[in-house]
Amino acid sequence: MAGQPGHSPTSEAQLRELVATAGRILYQQGLTDYLGHCSARVPGTDRVVIKPKHSKTVRSPGELGPDDMIVIDLDGNLIEGSDAPPSECSIHTEIYRARPDVQAVVHTHQRAATLLGIIGAELLPVLHVPAVLTDGGTMPTWQCPLLVTGPELGRKLAAALGTAGLCHLQGHGIVSVAADIRRAAVTAVALEQLAEANLTILQTGLSPRVITPGELDELRSAVASIDGRWAYYVQLLGEQPAPVF
Amino acid sequence: MAGQPGHSPTSEAQLRELVATAGRILYQQGLTDYLGHCSARVPGTDRVVIKPKHSKTVRSPGELGPDDMIVIDLDGNLIEGSDAPPSECSIHTEIYRARPDVQAVVHTHQRAATLLGIIGAELLPVLHVPAVLTDGGTMPTWQCPLLVTGPELGRKLAAALGTAGLCHLQGHGIVSVAADIRRAAVTAVALEQLAEANLTILQTGLSPRVITPGELDELRSAVASIDGRWAYYVQLLGEQPAPVF
Amino acid sequence: MAGQPGHSPTSEAQLRELVATAGRILYQQGLTDYLGHCSARVPGTDRVVIKPKHSKTVRSPGELGPDDMIVIDLDGNLIEGSDAPPSECSIHTEIYRARPDVQAVVHTHQRAATLLGIIGAELLPVLHVPAVLTDGGTMPTWQCPLLVTGPELGRKLAAALGTAGLCHLQGHGIVSVAADIRRAAVTAVALEQLAEANLTILQTGLSPRVITPGELDELRSAVASIDGRWAYYVQLLGEQPAPVF
Amino acid sequence: MAGQPGHSPTSEAQLRELVATAGRILYQQGLTDYLGHCSARVPGTDRVVIKPKHSKTVRSPGELGPDDMIVIDLDGNLIEGSDAPPSECSIHTEIYRARPDVQAVVHTHQRAATLLGIIGAELLPVLHVPAVLTDGGTMPTWQCPLLVTGPELGRKLAAALGTAGLCHLQGHGIVSVAADIRRAAVTAVALEQLAEANLTILQTGLSPRVITPGELDELRSAVASIDGRWAYYVQLLGEQPAPVF
């Protein structure tokens, strides 16, 4: 892990690579347009590597690389880089403050998951791999469509997220958090697949067979690690995977 | 703004660039095929820069550049260029006559918004950014599927539009109007996203959480300007953005 | 028209070009895979230019050119070319026998129109341009899912078609017939757009505003000719349009 | 057939080519991402040619060729190659044990068919070609969403499959089995088309016209062989078809 002894001198550079790659993956998978942003906490610090705010010069996440990422502190101050932080950087900073276990935050407006949140429908664990990756479909809802333009709203969002890995920002989008930016991004992709399945099922009016808690326990111990999944999405970008550390 | 003193000598050339680019964006975003057209009023004049009528030689809007645009007057007479004006140019001219505040008109047959108009369903503001860009989903309907082949029908359409920024042409398509061609085009894209969300929600039979008027007021003051959004869509065309003036 | 005096010496070559292009357009527009076929009658003869049967060597219609087309007579005998005629060539020959006004037949398995036929739902004229191109949505259904492997079934299909321009082959696909292969192909594209709209509307459970017969009459006299529409689809193939004669 | 006398010396190499091509086709057709796998039994042996497990180095099936395939025995032991077998290789080995007639197994998580299984809806034979290719829509369901991580679960799956060609793995995906890898793969594609049609029809709430058993019998004798269908999908990969033997 990036936070292990001896790795800290290079970890910020590695995180720039990983955060930019996560942003490109989410874009390539159709989960984002110019909106949304990924970040990672530099282990053991108050520094956060994050995509800058979209603007006339900062546009498609599909074209952004490690050097385009910026660094902010937990008050949202710009520490490295010249582009502005996202106006919603409090999404990231307040989750990092509230959740020491979280090292990465992904925020998207991904279509299916956002719609499921808008209609208040449960994210039923109907597909086995996405069910495991989304922790059995556990996904609270923050019932506020406002832009998260400051720490107060960020704290409310963090409270709604609680100890979960995913949260609906109702009428807005979602957050996916994890101890690893690769996992937070892959989970967002799995969430979209599961949400799309739920929407389609709702449209048929029929009841799905839901995977049971006992089955989920068995599945958790059986599904493969995140490494192959991340490598696959990276390959779709036409590049070598970022070094795993 | 293009209409500011000192900019008028170049403004028509700039508008040709912007109108052609708006047409390419709408085409690239899948909102148009060969049908539909964008226009902009040359500030302080009765001249309108507009895409010509589709024909054997005027085909994909994705391939049209500034020099392909034509100029008409408010009676629909061809002032510059050799290709014919759209047979529905009264959509544009009569809106310009009725609405001095409007400097740009976009007309498309975009799928989701058109379908929502056909079934008479409200464009509910369920997604925060598109809700703001479409003025809270305010969208009257002109209950007439005829081609707007002359000034009389154009005046009826303008009356149905009233003071709004968007209007359904029921069984036909939509218009998006603004003081800026960039805004009119970006709004059409946001409308399609919001209409698609509404259609999907209707298909589930569930009730969405609608963004409240009070929340919309807060959102209006918080969302970013049109500049970054336009720059993003331009980047997708693989070109530099038109100069903003 | 190809059948006009003085043009007959070159018409078969021109029809090969048009039939191959129509097949490429339908493929490019996603209305066909390896199944389906277009044909045109050589004016004043019993000869029919048609795409050959798909096989190990005759595969994607997107790759077939004029020289790949074959010629059959109205008994389905191969007159020119070495590849076999489609096993369903009676779709074409029996319609040509029954309908002297028909010079072109398009047969596809296009998704939305076929599904609408399977559920027996009416093709409501809800979108104005497609409504006109599909003659107000007039579309009888042949309630037979069998392959049209001989003249007897072909005659039954022709009887179900009657004097219409479109017919459902229930559980199978559709035919689109016209005096011009360009019109038959463009109509198939418009049909798919209209059928998709009808399916989506059915999924919402809401009632659409249907274009009235009187409005359709007005629209018929106002919509543009087929030329610009064909030229647009040809442009999407990245080629010059076939010469119009 | 690969199992015919005189062909056995080359059959394993041919099967590597066919299994890799089937995997590329399923990927190109959108039926798989990094998950899912195809296999073929080497005729007259206990050897199975199969795609290896996805990992950091074994990623997109779209990029895997004959040399990437591995060989396992019916106990799942790696016989040739260095990459690990899929963790679910018991899907394949236990079906081969239970079904001497089966020479090829395809396992996917294809969207529409999997969703149809989750809601327990019947795969109605509403489209004639896919109806024949899927044996009239005959498709039992194995009501278990667990990963098939060992022979015991594999045997249960094989029992649920019975003598059918297709089976739902509820909450998971499907299997398609045949005497020929080309047929198993083409059937999976046809299944997806038929399942998508069924889902869309369910969303309209209307009743489809179902192809009758008598009609299916007539259709079975009329539809073309698998050869042209396989050749078409291979062409989409931009390559020559594997030699048919």
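By written order: A, B, C and D. Residues from 1 in each chain.
In this text, a residue touches a chain if its C-beta (ideal position, glycine included) is under 8 Å from a C-beta of that chain, and two chains touch if they have at least 3 such contacts.
The shown structure was predicted, so the numbers you read here are calculated from the model rather than taken from an experiment.
Steps from chain B to chain D, taking the shortest chain of touch contacts, total 2. At the interface between chain C and chain D, under half of the residue numbers involved are used by both copies, so each side presents largely different positions. Superposing chain A on chain B by their CA atoms means rotating through 90 degrees, a value rounded to the nearest 5. Spacing of chain A relative to chain D, judged by their CA centroids, is 34 angstrom. With centres taken as mean Cα positions, chain C sits 48 Å from chain A. For chain B, the set of residues touching two or more other chains reads 203, 205.
Contacts between chains close into a ring here, every chain touching precisely two others.
You'll find the chains touch as A-B, A-D, B-C, C-D. Of all residues in chain B, only 33-35, 53-60, 63, 87, 109, 111, 114-115, 118-121, 143, 145-147, 149, 170-172, 199, 202-203, 205 touch chain C in the complex they form.
Across the interface of their complex, chain C is touched by residues 126-129, 131, 197, 200-201, 203-209, 211, 215, 218-219, 222-224, 227-229, 231-232, 235-236, 241, 244 of chain D.
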